[in-house]
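Here come two complexes built around subunit A, the first alongside subunit B, the second alongside subunit C.
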Partner chain A sequence: MRVTVRLFARLRDIAGAGELERPIAPGATIASVWRDLAREYPDFAQYERSISSAVNLDYARMDRAIADGDEIAFLPPVSGG
Partner chain B sequence: MNPPLLGIGPAPLALAPLVQAIAAGARDQGAVVSFLGLVRDHNVGRRVQHIVYDAYEPLAIKAFERIAAEIAGRWPAARLALHHRTGRLEIGEASVAIVVATAHRAEAYAACRYAIERVKQIAPVWKHEYFEGGDVWIEGATADPDDQAARADAERVACA
Partner chain C sequence: MATRILIPTPLRPYTDRQDAVDAEGRTVGELLADLTARHSGLKAHLYNDQGRLRSFVNVYINDEDIRYLQKEQTPVKDGDTISIIPSVAGGAPTSAEVAAGRPASPGAGAGDALPELSNEEVRRYSRHLILPEVGMEGQRRLKAAKVLCIGAGGLGSPVALYLAAAGVGTIGMVDFDAVDISNLQRQIIHGTPDLGRSKLASATDKIKAINPRTDVKGYEVALSSANALQIFEGYDVVVDGTDNFPTRYLVNDACVLLGIPNAYGSIFRFEGQASVFGTAEGPCYRCLYPEPPPPGLVPSCAEGGVLGVLPGMVGMIQATEAIKLILGVGEPLIGRFLIYDALRMRFRELKLRKDADCPVCGTHPTVTKLIDYEQFCGLRPAADAPAGARATEITAVEFKQRLDRGDRLTIVDVREPNEFQINRIAGSILIPLGEVPARCAVELNRDDEIVVLCKVGGRSAKAADYLRTQGFTRVLNLRGGILDWIDKVDPSQPKY
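For the complex of A and B:
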């Protein structure tokens, strides 16, 4: 099972890519995908308490279960306007 | 042909077509208020040179739809047009254009203010500010459309 991860703003800069493909295990949640990324990119840790997330173009909580093919987005604090 | 009421992308913004689009369908509406946000040449003591806007565009459109629904539920006969620009913007260029129509003028001013406050709270859009001496991603609110306290804040500011 695989998901697409979308990263924006500074998270994209840290990872060096705006879109990643990552394998997921059964029972994976948004939070477990985030933890894996934070191991890969230690600078993500500072966003632990301030990110938002979305699954398939809907804002979603970190404990939300995810499935094969989902698009998971991690959003640092926003600054539009 | 009138533009779609909600939009996001790299094209320069213009208020007039949005005003026309909102006014075109007006029956119960007696007031239209517009807002244009511009790139300013200074920010917290920094001399800003330009800003590059990043966005998760399809989710931004859904956030704008949500703001439109919130406004329609809060102010009688309210209609919203809202466009946000992405990419590189120079000083003085418009980053966001908002047009609101409601039955009466006080509601139109309030709903327009509410719309920009909600954009700043929940739209997945980011400013990358380039200033004299460096650049920085601006990070404001943790986006959570279901945060009722944030929504109440926006309403309080709008109706003050």
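For the complex of A and C:
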């Protein structure tokens, strides 16, 4: 099972890519995908409490279960004006 | 079995001026179909070309929004009352207000309360007037409308210029800055001759040049919990174009508390975001981002850079939304979060929902008045925090005095190499913020007194906090960064 991860703003910079493909295990949630990414990119960890997330373009909380083929988006807040 | 449907003032011309009419049906959808069959003039106002209920038309059954029930499939029982509530500038009116025939705001509702257009205005707005979605009444609504722009910077520039051109009668602007040369790459309301002038004076001149009839109200203050409600009161739409998190949360909360829609926009390097928050039916900024990021984590435009045309695009989306909210046409960005990627030229849209647990717009709000947003965003210690929290900073002048005295200080610049090439403090070493964890143990001595700096003080505050967690006990953050250093100590160096 695989999901597409979309990253925005600083997260895109840290990962060096806006789109990643990652395998998921049965029972995966947005949070488990995030934790895997944070292990891969340690600088992600500090964003954990302030990001918002979405599944298939629908805003969703971190405990939401995800399925094969889902697109998970992680959006840090930005404040520029 | 007939069900009573309450008709709002703007739609009564299509129901022979009746404020309530009867229709039949087992669901809300059937009922509305029967209603529009009986009063055919309503159809175009309630449904779009695809036959779907227009998104700005909210239907309530016994004061419950059908979107949170079963939408048009919501069953109707004997004795139920249906209210049709078009969203208007100034927030959706309550069903009680509509039933009483009271318009929700000066810019909306009864057509005869709107200001007239002069012959010159008819010529000026002729391309609007021939649009059925605007027309004479819509243009008069724009003239009656009051829009408040928070910030006269990157986003506020296009917003104010286009709203003035479109005929918005009153434009309020909150900003206390002066025009700096680094603004001109994107803040197109200001020009080279305006350098050093107050942004409000400069913006007012440009707005008046486009449209002398615009009533510009300037608020040359730092928006705060003490003045926000007073400033916002009476505006139909707020356009959030500020550049920092405390003000973002302040604007959001004030809009929710006052029921004013917030045409939100924000930018970062090549990416923009836009939405409409703070309406009665839709989510707010806190539904999306309940917690602010820790200070220094998200770079500002000054620290992270920004493509000059980006705020033009995002500001125009905000201006478009403000105009649609005033006119009550189209589908506003309520419950939708638009992300624009200028590098890849892509727009994406996320669906948002109102969070029932939201501390400010949820069902049991805990934020019922404005709070201390600097503290909320971690920029100032709480009043009951231990004294001495400030002793972790040093000002540019104090720093210079200590260097002149010959104090032994290790100076660590945590900016990026391209920034370090523009300007630097003599004797400083460059360790970009992202490399601090890997390099500090090797290159820095835990017993030395260390001064960390960046451009304006945000990143270095973060670096200082990190170093303290690693056992560096004598770490001072240069307040205001190298920019303040150049202003106060070394004006010979260029600023960026």
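Definition applied: the second predicted complex is superposed on the first by the 77 of 81 C-alpha atoms of A that agree within 3 Å, B and C clash if a C-alpha of one lies under 4 Å from a C-alpha of the other, contacts with A are read in each partner's own complex, and residues count from 1 in each chain.
In this text, contacts are C-beta pairs under 8 Å (C-beta built on N, C-alpha and C of every residue); 3 or more make two chains touch, one makes a residue touch a chain.
In this text the structure is predicted, and so the values were computed from the model without any measurement.
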Check whether A:Q46 is in contact with subunit B, with subunit C, with both or with neither, and answer first, second, both or neither.
-> second
Could you tell me if A:R22 is touching subunit B, subunit C, both of them or neither one (first, second, both, neither)?
-> neither
Which of subunit B and subunit C A:R35 touches, first, second, both or neither = neither
Quick one: classify A:G80 as touching subunit B (first), subunit C (second), both or neither.
-> both
Pick one for A:R64: touches subunit B only (first), subunit C only (second), both, or neither.
-> neither
Touching A:A9, do we find subunit B (first), subunit C (second), both, or neither?
-> both
Once the complexes are superposed, what residues of subunit A are shared between the subunit B interface and the subunit C interface?
-> 6, 8-10, 50, 52, 54, 57-59, 73, 75-81
Per the touch rule above, subunit C residues touching subunit A in the complex are 151, 153-156, 240-245, 248, 265-269, 271, 273, 288-289, 291-294, 297-301, 304, 306, 311, 337, 339, 341, 344, 348-353, 434
The residues of subunit A that touch subunit B in their complex are 6, 8-10, 12-13, 50-52, 54, 57-59, 73, 75-81
Would you mind writing out the residues of subunit B in touch with subunit A in their complex?
-> 37, 53-56, 58-60, 62, 84, 95-96, 116, 119-128, 137-146
Subunit C touches which residues of subunit A in the complex?
-> 6, 8-10, 18, 43, 46-47, 49-50, 52, 54, 57-59, 73, 75-81
